[in-house]
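Lettered A, B and C in written order, each chain numbered from 1.
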Amino acid sequence: MSGRAMRVATARPIRRRWGRRYLLPLATCAAIILATFAVADSFHIEYAYIASYPVFQYVVLATAWNILGGYAGYVNFGIAAFFALGVYTSVVNYLTLQLPLPLMILVSGVIAGIVGFGMGYLTLRLKGAYFAIATLAFAIVLNTVFNNWYFVGAARGVSVLRPPAPYFFGTYPRYLFGVMLGLAVLSVLIARAVEYSWIGRGLATIRDDEIAAECSGVPTLRLKLIATTLSGALMGMAGAPFAYYITYVDPASAFSLTTAVNTVAMPVIGGMTSWIGPVIGALLLGTLEQVTTVTISSALSVMLVGVLLVTFVALAPRGILGVVKALWERRPWAKP
Amino acid sequence: MGVDAELLFYALQTGLLLGGFYAAVSVGITISFGMLDIVNIAHPAFIILGAFVAYYLNSTFGIDPLLSLVIAAAPAFLLGRLLYKMYYYAFERHGEESLQGLAFFFGILFIVEIGLILLFGVDYRFVEAPYISTTFNFWYVSLPLRLVIPLVVGLLMVTAIQLFTSRTFLGRAILAVSQDPGALRLVGGNPVKIKEIAFGVSIASAVIAGPLLIIIQPVEPSIGRDYIGRVFAICVLGGMSSLRGTVVASMIVGIAEAVTATFGGPAWAPAVAFSLLILTLLLRPEGMFQR
Amino acid sequence: MGEAVTQSAPVLRALQVTKRFDGFVALDAVDFSLREGERVGLIGPNGSGKSTFVNSLTGVFPIDHGSVLFNGTDITRLTAWQRARLGLARSFQLPRPFKSQSVRQNIEIPLMFAVGQTNPDRIAAEAEAILLQVGLGAQSRASPKSLTQVELRKLELGRALAAKPRVLFADESMAGLSDTEVDEVLEVLMKLNAEGISIVLIEHIMRTVVRFSERIVVLVAGKKIADGDPREVMSHPEVERAYLGQ
């Protein structure tokens, strides 16, 4: 290969001034974290943390899923597999070394990332539909493996006792809440950075037209692998604290279809082309689900998610983001 | 025969019997995914729906599951046509079926499953019929009717669909659509209408397979997921749109599962089809049989 | 094809390129060579393998037999994006713009990925320059969805051009365009050729191809049946038969 071909993927466009690029988002994130803590603390009940934990978990999952699904248009139904890898990394750690949770989140991320890379390497050459089916297949194979792995309780499950919470956080639910909030902010920052980088530009061309992208010099397989690895790693990280959240882990809860449907529904409902879409979707849908679970029933609340998913995908495929954009473009006070 | 050989023999026997049922389950996916290029991952949900129709009719009116199979066919066909209409107007018309269509059917899968949970709960349900506990034995062969009947009905179904696609005008039109939608329009056929009918047949076949399933084993709403792997594995393994391939692939999957269940434990069986699917996709994405 | 290679070393060569689909032979041992700065027309009836030929040489799919040489280097096993980076660009017969990006962003993609530029301001400026060159300066911020057919053709050319190619496969379809629009597209192609880019024009309308090309290659049923001076090729009996018999 000539030197020109070897100069691989160094294209990096649109570098904004670094203050706007880094300082502003970081300051915003710090403000969001502090404000969220203040709000949750103001309820003075433990339940505030327990109820909002899943919402932030879904921010992570939806954001992670969207890096591949939304940006590149490759539907991954194997969410539960990556999430469960994180959950069970935690469980194995609990049964053996009992290392601290933040470290386990990191390890989960690495494991799920490696698995994501491997799965991507094997399946990303397939057309989109086959890829989706293969990911679903992968989740079920992994589910079967955990159903048969007696060390982690097999199908019966295993209970996980919470260690004492680190000093600053007081109670363990408040600690988990803080950890998940941090993860949510981190994953949104990563998704945003990817979107505005050359990776995001390349992924968008894959979504639009993969062959035209290849012929324009976009290394599609490589970009998809980056996205799958990153996406899988973040999902795994979201799973690690879950073991301590539910305190009883079995394959049914770790591989729950509800998790998968929520994770697909949230970006679809929020809007898939930008990082903010999954955040909107996860916050709205996650909150709605918590409220309906408490006021009506949990079965009905998941039913609602399914119905919303089908409705949005059929009637407003660009999600809330698309609807708002369309309304904004048609605003009556706009200059002609 | 030694113990192992005997076990293997029984596993093969069960596998072949199961395979016939799997053909009934998968023939619809061969139509929708293989011929129409519609990735209906909700297909298994309609199998479970059919099983619960049989359960409901059996437990409240005492109707035989084989009769409920006949009763359910027509409404299921209409349901399928309706579903395709929705799919067509929302996605296919805009050429945006791939990503959004997948999410759509994923949602449908979930709605059907949760709907069944809301109506029937999460317990295993079964039907009562005189033939379910009958088994014919001769030599080493044992033929439980609860497996033989699904096998027979399944093979009948595939044969009927095979005859339909090869002998009737409508059937040939479906094959034509699967190869080249434009060509059909030239001779005056309406591909959308034809795909709608074909999808109706596909959903009807899934719902028909439901009563067969509940004859074989007790059913609860979430077991449909195990069939996602099976039907797609069989479809891909069988060469996408080949009905003969579907039958052979069904037998292969049935045998592979029965052998795994016998020697590795039944808990491993769900992974068999998916592993086969992944292997097929990686090694021979075009499947083993061409049309 | 003797006369084609005498003047200077070929920038692109295809040797015995063969491609089958499910047993159907779409390309049958096709030899082809292209000199630096040459304008070649590739013609043939519908389904003769023209697009398959372009896809094979640009790496959209692997070929079953034969080899492709670019500047003397074997590129048969390279992927499409690697070939694009080497300087092998193409337009698509049916325009395939990146729908979610603006016209200018479409042009920026090859600049970023095929050429490997990193400075966003320079990328933007260069994309604007290319848009002016192909006559889309006014549509820079528009969505490809709002473009007319001829504008989409120009966008295709602009995007191919942005890859800074040495060889351009212009898989054109000017059937729906008016005479002036055809002239516009040809003018862009001539300008690119004047800058040293070798161009292979694939087009149905014979007049257009004859006007543009220094040499014409004819494919029929996956086989090359003629290759040479436009007038000679057009009077070739087999070519006449292939076209009149249509």
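In this section, contacts are C-beta pairs under 8 Å (C-beta built on N, C-alpha and C of every residue); 3 or more make two chains touch, one makes a residue touch a chain.
Predicted model only: the values in this text are computed from it and were never measured.
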Partner chains shared by chain A and chain C (touch criterion as defined above): none
Chain centroid nearest the full-protein CA centroid: A
Intercentroid distance (Cα basis), chain C paired with chain A, Å: 42
Length of the line joining the C-alpha centres of chain A and chain B, rounded to whole Å: 32
Rounded Å distance, chain B centre to chain C centre (Cα mean): 46
Contacts with two or more other chains, residues of chain A listed in rising order: 207
Chain B - residues contacting chain A, complex: 33, 39, 41, 86, 90-91, 96, 98-100, 102-104, 106-108, 110-111, 113-115, 117-118, 222, 225-226, 228-229, 232-233, 236, 265, 267-268, 270-271, 274-275, 277-278, 281-282, 285
Chain B-facing residues of chain A, complex: 69, 73, 75, 77, 122-123, 126, 128-130, 132-134, 136-138, 140-141, 143-145, 147-148, 155, 207, 257, 261, 264-265, 268, 299-300, 302-303, 305-307, 309-310, 313-315, 317
Chain C to chain A touching residues, read off their complex: 58-60, 71, 73, 78-82, 84-87, 89-90, 92, 96-101, 105, 108-118, 120, 123, 159, 162-163
Partner chain C, residues of chain A touching it in the complex: 1-2, 4-5, 7, 9-15, 198, 201-202, 204-205, 207-209, 211-221, 273
